[in-house]
Amino acid sequence: MDRDRLRALLARVRSGEVEVEAALEQLAHLPFVEAGYARVDTHRALRQGLPEVVYGPGKSAEQIAEVVRVQRDAGLPVLVTRVGDDTAEQVRARVPGGHYDPLGRLLWYGPEEVPIVGKGLVLVVSAGTSDLPVAAEAAGVARRYGNRVELLTDVGVAGLHRLLASSALLREARVLIVVAGMEGALPSVVGGLVDKPVIAVPTSVGYGASFGGLAALLGMLTSCASNVCVVNIDNGFGAAHVATLINRL
Amino acid sequence: MDRDRLRALLARVRSGEVEVEAALEQLAHLPFVEAGYARVDTHRALRQGLPEVVYGPGKSAEQIAEVVRVQRDAGLPVLVTRVGDDTAEQVRARVPGGHYDPLGRLLWYGPEEVPIVGKGLVLVVSAGTSDLPVAAEAAGVARRYGNRVELLTDVGVAGLHRLLASSALLREARVLIVVAGMEGALPSVVGGLVDKPVIAVPTSVGYGASFGGLAALLGMLTSCASNVCVVNIDNGFGAAHVATLINRL
Amino acid sequence: MDRDRLRALLARVRSGEVEVEAALEQLAHLPFVEAGYARVDTHRALRQGLPEVVYGPGKSAEQIAEVVRVQRDAGLPVLVTRVGDDTAEQVRARVPGGHYDPLGRLLWYGPEEVPIVGKGLVLVVSAGTSDLPVAAEAAGVARRYGNRVELLTDVGVAGLHRLLASSALLREARVLIVVAGMEGALPSVVGGLVDKPVIAVPTSVGYGASFGGLAALLGMLTSCASNVCVVNIDNGFGAAHVATLINRL
Amino acid sequence: MDRDRLRALLARVRSGEVEVEAALEQLAHLPFVEAGYARVDTHRALRQGLPEVVYGPGKSAEQIAEVVRVQRDAGLPVLVTRVGDDTAEQVRARVPGGHYDPLGRLLWYGPEEVPIVGKGLVLVVSAGTSDLPVAAEAAGVARRYGNRVELLTDVGVAGLHRLLASSALLREARVLIVVAGMEGALPSVVGGLVDKPVIAVPTSVGYGASFGGLAALLGMLTSCASNVCVVNIDNGFGAAHVATLINRL
Amino acid sequence: MDRDRLRALLARVRSGEVEVEAALEQLAHLPFVEAGYARVDTHRALRQGLPEVVYGPGKSAEQIAEVVRVQRDAGLPVLVTRVGDDTAEQVRARVPGGHYDPLGRLLWYGPEEVPIVGKGLVLVVSAGTSDLPVAAEAAGVARRYGNRVELLTDVGVAGLHRLLASSALLREARVLIVVAGMEGALPSVVGGLVDKPVIAVPTSVGYGASFGGLAALLGMLTSCASNVCVVNIDNGFGAAHVATLINRL
Amino acid sequence: MDRDRLRALLARVRSGEVEVEAALEQLAHLPFVEAGYARVDTHRALRQGLPEVVYGPGKSAEQIAEVVRVQRDAGLPVLVTRVGDDTAEQVRARVPGGHYDPLGRLLWYGPEEVPIVGKGLVLVVSAGTSDLPVAAEAAGVARRYGNRVELLTDVGVAGLHRLLASSALLREARVLIVVAGMEGALPSVVGGLVDKPVIAVPTSVGYGASFGGLAALLGMLTSCASNVCVVNIDNGFGAAHVATLINRL
Amino acid sequence: MDRDRLRALLARVRSGEVEVEAALEQLAHLPFVEAGYARVDTHRALRQGLPEVVYGPGKSAEQIAEVVRVQRDAGLPVLVTRVGDDTAEQVRARVPGGHYDPLGRLLWYGPEEVPIVGKGLVLVVSAGTSDLPVAAEAAGVARRYGNRVELLTDVGVAGLHRLLASSALLREARVLIVVAGMEGALPSVVGGLVDKPVIAVPTSVGYGASFGGLAALLGMLTSCASNVCVVNIDNGFGAAHVATLINRL
Amino acid sequence: MDRDRLRALLARVRSGEVEVEAALEQLAHLPFVEAGYARVDTHRALRQGLPEVVYGPGKSAEQIAEVVRVQRDAGLPVLVTRVGDDTAEQVRARVPGGHYDPLGRLLWYGPEEVPIVGKGLVLVVSAGTSDLPVAAEAAGVARRYGNRVELLTDVGVAGLHRLLASSALLREARVLIVVAGMEGALPSVVGGLVDKPVIAVPTSVGYGASFGGLAALLGMLTSCASNVCVVNIDNGFGAAHVATLINRL
């Protein structure tokens, strides 16, 4: 449409109907965003082959199903995050064909096997079993985003041998996502063992002075390992997104 | 320049040198910001008759003097905020003609009497003598911004009679700026006495549980008077800016 | 009654029954609040044409219905805020004639079309769909308060083009209410695009380091745009109240 | 029993069975707390005519009933605080004769009319209707503690006239308890109107930046009125206890 | 002056110049605060025999000296709080006759021996030597306010015997001020030993997790002794003020 | 397996198949963790005779039962912490033979009487009845860990006599665990009465300014008794673990 | 004296001057603290061979020197903590014979070699060079308290090999003090490598989100290693005190 | 040395002096860290061509000079961060040849032109002039680490046009570092304009509710742009380190 308006204007310039100065004036006042729309487009994600992502909380099964239907009708994949068992069930009843990962709370509509376009391994490391849902979210998203992903779990800093035993795997990774609650020390230790970027995800797991993930968050931000950066508490999705961008470089 | 480029392109469309579709393509890829620049201009403040404002902290007397000189050479007024006695002295030694208000820590280069363009009275109300510097900043900025300003001081909530004795003045105001430290209750009380917008400024004055203005800030945000909105701690300038915009409506 | 007492006293002064000095003494000790009552009246809101507002939380359907009945019997409109579906249903069962807005959680008893008395447009801008309830509260209250209101939604700072595409609407507004959760950056960006007062409303939407709206609140208070002031977290009502007062100036 | 042991020892000293020095030694090693028990006794409250108080939360109806029964069997009054409707009902089903105040959540077993032993009036002042439960707790406890009590409600700082209209009552009070949520400004204002001790009670009522009563608490602690002291958030009972002690002086 | 206006009006009523109804109208619109001024007077403190108090911080020696001079000329005592050695020296050089207490940082102009008007003993209890300045402020102010005062120091909760050895003194007190930094446990322990009101003063003494007095403040607010109320961190003056009001009852 | 690899390499060195330098190289690159595994073993706890501990929250009855079964089949004891009544019931239905302590929320599979291996008495001291669950957890864990344990309850700092009456018991203890909510003053007082290590456990019991145990935590960290160290809020298990290690020294 | 009073009373019982019941009464009211004094004595520390400790901050060189002199005259050692270079110099000028440790800021008056009475090794572990002052305080105090002490420094969690290389030393320790700033992860890692009690000391070293040691403190409190307990930020002295008590068991 | 020990052992295996099984045993108990040292080496940074980095604060000029000398003697570059003008001057007086960047507070000993090994552009974006020191640190470190670096400054979110005008540069970057204080909104806006990883650095610049960078930190963590991750407040160095690792992938 925007292009249509522009085309019409230019045609009239060409035909002499509109003077150069008058056209200039019109162009100067043309809402620049319309002109810019094609470039700063909302479909950036799709052009990169990343699926549309729907953040589940606060949305009803019907609302989610609607978004899913639109995408499906357009032949596009869609990933719903933080969606519980019941809601997932209801969405799938409405729109068949979804794959649900109850641990990572991810509902996926798209090809079962997403082609690998990431250049290396994204390794998701998790301290305790209670951090597993966030780690599973990160791993699940990273896979749907086209990365080769490994999940290394139950490697706490109070039992280093399991972590050290996996040093080959750690060194193989191109990007690492490290998930930890409580004191959040794992990214520092992992960061010291590798020379690749480490994306730390604090989790809200814990009690007392963990203050809903604050202890882990502060611990990760003040990490003594310089190759660590941090995303929001429980934000497994964000970590996977950043890791994907890095892994495509 | 942007207009020159556009003009040239349009001229070539007109002359038939460039096809409509080709021009369309060029326009679509023209950096939209260049086109948009004239509209989202930086000179908004000046067009409104508001002086350029320089935030003083972290700048040397020389740096401030340089900005002042540029403005002065362009025949434009300039207001420096949060500038201490010594720095003000040094700037004035470098660029003569400045007026300095040591209480509000404001250094002004411009006409001594700024024409009044605000439609009504901006009333600055302050609880204690220790809140006076912030109140003076708000009042000084509001004056330089072209408002009629009154300053009502030392009207704490623990001595209501002084405040109540000024009710005529309170009701005369078109916009009110209320400055208070410690428990920050004054805006609620003033807000209950008037039916005009009240801009509350918490100050960092106080000790102990005032926590650097936090007590006052929270008190103002949770005010039981619905006509109160809040700016940052000690932000007399911001309050004056908002009040000016309101007073010009 | 107060007037009666005064009238009697004055009559006795006139008749010579009471000496001037004695009357003076009596007047000096007359409870000043009784005299003052007529001026500092509780009906200020009504005289301005603003409806009575009832804050819903913690009140039973029966308690709300009672207030509504009293107002309705007096021929006065009343607006109930933060009232859920069930309670609204029950109130309407008790007092017919209410209009319920489930998104903004507003229950309204009054004329369907409130006459416009505000001088310009109040524009409510909202970042994400999850901020919509607070935005809807602000918009709904502003409408019931007699303002022309537009609601511009889903214009996040991470996708500027949608926001920039609405720049005409932004510039048309006389006052803006900007609602945002998470990092609360939208008011700064909007504040930079307009030269009108911007009332920022942080929302408690979000998780992790949003800390129930604290991140958004701090972000708005420290905004680098000088035309931004802030109300309490989720306080869509307060924002609409301040905006209304400004819009009537 | 302790006295028995002592009596036996002294008898043996008297009879010459035990030497003075040996008795001295025994006394020096006698568990001093046993000797001290009578003085630092647990029955201090009872001797002052204060009823036993049971803090309800976390206790089952059966547990409360048991304490009540023991007290009742001993002919002593007992007051249960923070007890909800259901639990109160169940306790009263088990132990008849209790008086329940649903607003203040107080369950009382004792004389309907407690004799007044406090020397003056304890005035409980409350800002909003939502602060009423805490105010009612304070008032109810103060009454059961033998004070003459008045409750002055709905006198917010944003509507001073109602408060000022009650200045006679305010000046009559010997001790004041002021209850307020949100910004907690009421104690400062009341404190400025009287020259008696004011006990401020912040409440957890509110939302957003009230942070569960923190805003009110900080506001009260930083009050600019010097006759204000503060108890814990929602601690109506503690305020009544302190007020009672003061009122008996 | 207000009285003059009133007198004139009444005289004109008497003379028939002004009708009763007209006078009534005028009176109704007379600024009530002027009428009320005599009653809500600022001189409340003086009538109670309490000296004027000047809060020192942020005031220059010259500013303090000026206030002192005015009071001295009126034959009235004045107490300056939180004034350091140097400033006190400079004030005394300007206005002779002051008594300075360097520990409590109090500068006093008035009779050396203030007559005792408080009814009983105000006991100031202090945990550590580092809390002494605040305790000395409380004790010094209480003395200047006309109370009999004792100071019991160095009685920490980790060495109970010193405290218990003073139980006679504790029981003698009519009001107690308990000053403590770090964990702030002393008021709870003292509160359990007496049945009089205890005013707790947290101090900012300490390091690490004392967070500038926050730990002590929270500890005192959550005290398990019901006869404890709290004033602001380091607010020895406020504690003495409240204690004085109680001790005069 | 690791040993097998090493053995094979050494055999080939011996036979001359592999040169010393080549073997050296291989050894240098042998994953050190495999070699180190035997030393940093996971079975440390078992070798010390400490039972396996399962943290209950977030685990289903089935998941817990599975761990229990594995341990039971291996003839090893297992202790489940923080397990509620219902879950415990379900686990016991699946795996018979468990002992459940509802107060301490501990489920134990192992010998009824654990042999005492700790050298002295572990004394668990608790302030109020509401702290009892955490104290019971600490006591229960300490018993299952092979300590002689006593539990001293209801000894608050506001009623010192009960605590002082137990001084013999306090002095008998080799290690003390002190559990307290609200102001958390008990560890300081107990710490002053004994010269043994005191492990303080703050609890989340309380309301208002206790902020979920924060007040108690800060109070304990800033304790004026030097023999106090602190574990996480509500962490009765951790306190028992540290106490056990100390008691075995 | 107390004993004298008791002796006189008993003598009068024996002689028949005082009746048993009368003596009983007198004893019951004898201030129990006097009787108890000998048991809850202040000299506990000295009897254990621990030196007197003076906390330096807030004390003048003269005040410190005075305490030192008293102890020296009594032939007793004394340790001054947190004393800077200048003050230490001045104290030593006043009282010769002191040993000063500038790193740990400890001033010691006593035998150069304190006899070892602790049963095993106290190992002080420190993460970074900036944590060294606190570690040195802990080590210095532990030595003066009669422990064999080793100091293992510069073993951060981001470079595990240095820590692992010291595993023999770690396993030799009977008690460990682990000092760390920033994220405070070291105690968790060390706690996982040993089965002895670990006393964690957060330090205020760091910037940004370390918030003066808060990040380290929270990290240590939420440690996933169960053998870790925590003392206040920067409290090297307290850690050494607890470690000494444990090491003497 | 380790290799020497291994070599000797292997030689003795080869010669038959030591049996395979005995050698196996020795190897199994060989401190694994010694064997591992070569792999988990401290020189990882150097092998990657990254210079040694010295964190300046808390170190004297002499201490810094010493480290610099050691590196220089080994022919290795060294970079000192957060070093002020005076200290830098003194270090350079001791060790000639250093380059000092006063804005970024970086002192560099190494080749003036570091060869570019990073694959793309590292773009450092900064909001205000007061954030410039942190931006300059990030840019300076990134350059010394072998990246092509551009610095885009003064592009605040309240003046979007400057930012939008640089969209070509933004899109050219392979990794972006975005530095902002106050509300920290810039990374969200930049993150929405590019599809590359964005490393956000909050700065402690600001006043009032910026709380030393906390507002910016929370804003960045809760960013609505999914490609943003965060490092510690003011940690320009850390951001450059992570960016370098990403840019080498």
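Each chain carries a letter (A, B, C, D, E, F, G and H) given by its place in the written order, and its residues are counted from 1.
Keep in mind that, in the parts below, contacts are C-beta pairs under 8 Å (C-beta built on N, C-alpha and C of every residue); 3 or more make two chains touch, one makes a residue touch a chain.
Predicted, not measured: the structure shown is a model, and the values here were computed from it.
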Interface numbering overlap (same over half, different under half) for chain C and chain E: same
Rotation angle superposing chain B onto its copy chain F by C-alpha atoms, nearest 5 degrees: 180
Between chain A and chain C, centroid-to-centroid distance (C-alpha), Å: 39
Computed distance of Cα centres, chain H from chain A, in Å: 25
Multi-partner residues of chain G (at least 2 other chains): 32-33, 36, 39-40, 159-160, 164, 167, 193, 208-210, 217, 221-223, 232-233
Pairwise chain contacts under the document criterion: A-B, A-C, A-F, A-G, A-H, B-C, B-D, B-E, B-H, C-D, C-E, C-H, D-E, D-F, D-G, E-F, E-G, F-G, F-H, G-H
List of chain H residues in touch with chain C within their complex: 127-128, 156-160, 164, 182-185, 188-189, 191-193, 206, 208-211, 214-225
Of chain E, residues touching chain D in the complex: 40, 44, 48, 119-120, 174-175, 193, 195-197, 199, 217, 221-223, 226-233, 237-239, 241-242, 245-247, 249
List of chain B residues in touch with chain H within their complex: 31-34, 36-37, 40-42, 57-58, 202, 204, 213, 217, 232-235
In the complex, chain G residues that touch chain H: 129-130, 159-162, 164-165, 167-168, 205, 207-210
Sites on chain F touched by chain H in the complex: 3, 6-7, 10-11, 13-14, 16, 20-21, 23-24, 27-30, 32-33, 35-36, 38-39
